[in-house]
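The following pair of complexes shares a single chain, chain A, combined with chain B in the former and chain C in the latter.
Now for the complex of A and B:
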């Protein structure tokens, strides 16, 4: 028995949807739609905080997201690092993902001022990878020098001028955690709540998990996925990958909404036919 | 950024393109040898990177202090080595000691911070009045407060959810469903971003859009 139009709507082969999605995503990259992006309060809070900081302040840039999540977090990372460098804020980078060296290289290539205008060891340092998760973050809050003995390139920590000013969480004006998992909770517990260091999140689209902590329970700002990056690019006037990718994501969501409506209409109508 | 000319970089980006297409062949067509190759290559590369980074970390954070005369670092090294008794049935019990230490320290550290941040902090966050008294902020405040109280009430199991208790717990259940739906929506959104990123990279490598 041949399928009715409603049954066909309810049983579209998923490969058809994937092909459609794949092809539709190409369109905004070829012809940008320039859909408007409104800046949310959670993003604005970080911008305002960094605007109050200057050359005497030190920001932590903690990387807890891998290369696989670049599409989601890279626009925010690049935009925020650009802002930090523009404000001449000192930056300490460390991370918890084994492929984070690639992420640091990507940031250096997209924010060339970090390596050309900044002096390594004095204006910024990269401490490298650290295992240990929450235990390590708790210890870093109390004593950075007890955890790191040398930077990524093997220079002993005592020989890095910037690290002479960094002993514990209280020496940072701002802790930024780039996050695709639960590292933000560790920073909230051990840096924000325990030490009072302002903590901001550069995360994936997981605001349901983060928002309960904003703004009174340990999280002073949140950049939510690509959208957060696009918003931040707008704030600093430096449009980049976030703004372009938002068009593609909007198109993909449109397809998903249409697919959900069609599938549900097909399902309801098929049930009616059977009755 | 101009299109790369360095042969190593060019071969890298083309390898990424081919492996991306091989990976997506699974959802766009079916499981193929190309997909399996990409899957195994991914696993192998990830493992290799992890091993190299682990050795580098040991060198800078353990070997360096030892060479500087800090012998206390021998303790974690020995505890770490004890973990490798796991494959030997006769000596497996020895691995329980470092595991017990890791679990104990981890639990202690987590509980110390969790009470303040995730219990006290959440309650304070829920009852703190909005700093800017706009209508939307007041709406958010009352919605969050009601959602917080009702969803918490859903997890009271010492009293049956009937009578006066019926409606708050029912609302709490809807709030939880809303939250779970939002979680799922976010997960889909995250995957869309990843796919969009790969599509962008493919177009860049093919020279269709600027690198």
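Now for the complex of A and C:
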């Protein structure tokens, strides 16, 4: 017995769905939509905070996301680092992912001022990888020098002028955590709640996990996925990958919704036919 | 000797000391306790580094087994994994600033990682299409809420109708946030009780007790 049109609508082969999504994702790269992106309050809070900071302030840039998530978090990382460097804010980088060196290299290539205008050791440092998850973050909040004895390149911490100013969480004006998991919760617990350091999140689209802590429960700002990056690019007037990728988000989200509607129309009509 | 360390009393004593020091240090600024907490936390960081070694050991053990048993559709990949692992370890120990090491990470690891992450989008699309069916009132609410959040997150929602982001924002900030805050609070309170039970030796699961 052949399927009715409703049954076909409710049971499209997944290979068709994959091809449809793939082809639609190609369209914006050939013909950009460039739809306007409204800036959300969660993003604006970070921009405003960094605007109040200057050359005497130190920002932590903690990496807890791998290269696999670059498509989602790299635009935000690059935009925020560009803003930090523009404001001449000192930057300390460390992280908890074994592939984070690639992320640091990517940031250095996308934000060339970090290596050309900034002096290593004085204006920025990269402390390298650290194991230990929440325990390590709790320890760093109390005593950075007890954890790191040297930077990524083997320079003793005592020979890095910037690290002479950094002893604990209270020495940072802002802690930024690039996160694809739960590291933000560790920073909220041990840096924001316990030490009072403002903590902001550069995260993927798992906003429901972070939002309960915004804005008065330990999390002062959130950049949510690619959209957060696109919004931040708009704020600093430096359009980049986030803005480009938003076209793919627009097309894919629309396709998702259309597919869900069609599937449900097919499902409801098939049930009626059976009755 | 090893049997001493397996005794329940020893495990509970160590847990109590370690937990007690960190709990006290969190709330009170007493230097000797803070110094002790620093030492204990550094130990924990060192122990967690061993987890990396354990992971390597486990991967080598599992894939060596596949090669030995010639597991169908698996053992050639295991050979590739182990050969590449040994090669990169040797090269990495020699220097991480060379062409092979650099090339492997930049053009193999990065591309594969990004590809796998991107593929999840296709799976999610297929899963949404199949799973999001209005089988009940609750399921319908879930589907409508999800669609509204998608139309809020993607600027195209605002282009279709200006009301979509407003309704989506309401669903997110009023509809779900209260529930998530409640869950976080309940989970937090539960965690506090779990912590106290652990410190008092009433929880046994974490050391394999019954």
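Note that in this section the second predicted complex is superposed on the first by the 275 of 275 C-alpha atoms of A that agree within 3 Å, B and C clash if a C-alpha of one lies under 4 Å from a C-alpha of the other, contacts with A are read in each partner's own complex, and residues count from 1 in each chain.
Note that a contact is a pair of C-beta atoms (placed from the backbone, for glycine too) under 8 Å apart; a residue touches a chain by one contact, two chains touch by 3 or more.
These numbers were taken from a predicted model, which means no experiment stands behind them.
Engineer: A:109 contacts which: chain B (first), chain C (second), both, neither?
Structural biologist: First partner only.
Engineer: By the touch definition at the top of the document, which applies to A:241: first (chain B), second (chain C), both, or neither?
Structural biologist: first
Engineer: When the two structures are overlaid on chain A, which partner does A:82 contact: first (chain B), second (chain C), both, or neither?
Structural biologist: neither
Engineer: According to the stated criteria, A:29 is in contact with first (chain B), second (chain C), both, or neither; which is it?
Structural biologist: A:29: touches chain B, not chain C.
Engineer: Quick one: is A:216 in contact with chain B, with chain C, with both, or with neither? Answer first, second, both or neither.
Structural biologist: first
Engineer: Which holds for A:194: it touches chain B only (first), chain C only (second), both, or neither?
Structural biologist: In the superposition, A:194 contacts both chain B and chain C.
Engineer: Taking the superposition on A as described, I'd like to know which of chain B and chain C A:150 touches: first, second, both or neither.
Structural biologist: Only chain B is touched by A:150; chain C is not.
Engineer: So, A:138: does it touch chain B (first), chain C (second), both, or neither?
Structural biologist: In the superposition, A:138 contacts both chain B and chain C.
Engineer: Pick one for A:43: touches chain B only (first), chain C only (second), both, or neither.
Structural biologist: The answer is neither, since A:43 touches no partner chain.
Engineer: Common interface residues of chain A with chain B and chain C?
Structural biologist: 14, 18, 21-22, 68-72, 98-99, 101, 130-131, 133, 135, 138, 147, 194, 205, 207-209, 212-213, 225, 249, 252-253, 256
Engineer: Within their complex, state which residues of chain B touch chain A.
Structural biologist: Those residues of chain B that touch chain A are 1, 24, 27-29, 46, 49-50, 53-54, 56-57, 59-61, 64-65, 105-106, 109-110, 112-114, 116-118, 121-122, 124-125, 128, 131, 179, 182-183, 186, 188-190, 192-200, 203, 208-209.
Engineer: In the complex of these two chains, what residues of chain C are touching chain A?
Structural biologist: Going through chain C, the ones touching chain A are 22, 25-26, 34, 37-38, 41-42, 44-45, 48-49, 51-52, 105-106, 109-110, 113-114, 116-118, 121-122, 125-126, 128-130, 132-134, 143, 146-147, 150-151, 153-159, 165, 172-173, 176-177, 180-181, 184.
Engineer: Residues of chain A touching chain B in their complex?
Structural biologist: 14-15, 18-19, 21-22, 25-26, 29-30, 68-72, 74, 98-99, 101, 109, 128-131, 133-135, 138, 147-152, 154, 156, 185-186, 188-190, 192-194, 204-209, 212-213, 215-218, 225-226, 241, 244-245, 248-249, 252-253, 256
Engineer: Which part of chain A faces chain C closely enough to touch in the complex?
Structural biologist: 12, 14, 17-18, 21-22, 33, 35-38, 66-72, 98-99, 101-102, 130-133, 135-136, 138-139, 142-143, 146-147, 194, 205, 207-209, 211-213, 224-225, 227, 246, 249-257, 259-260, 263-264, 267-268
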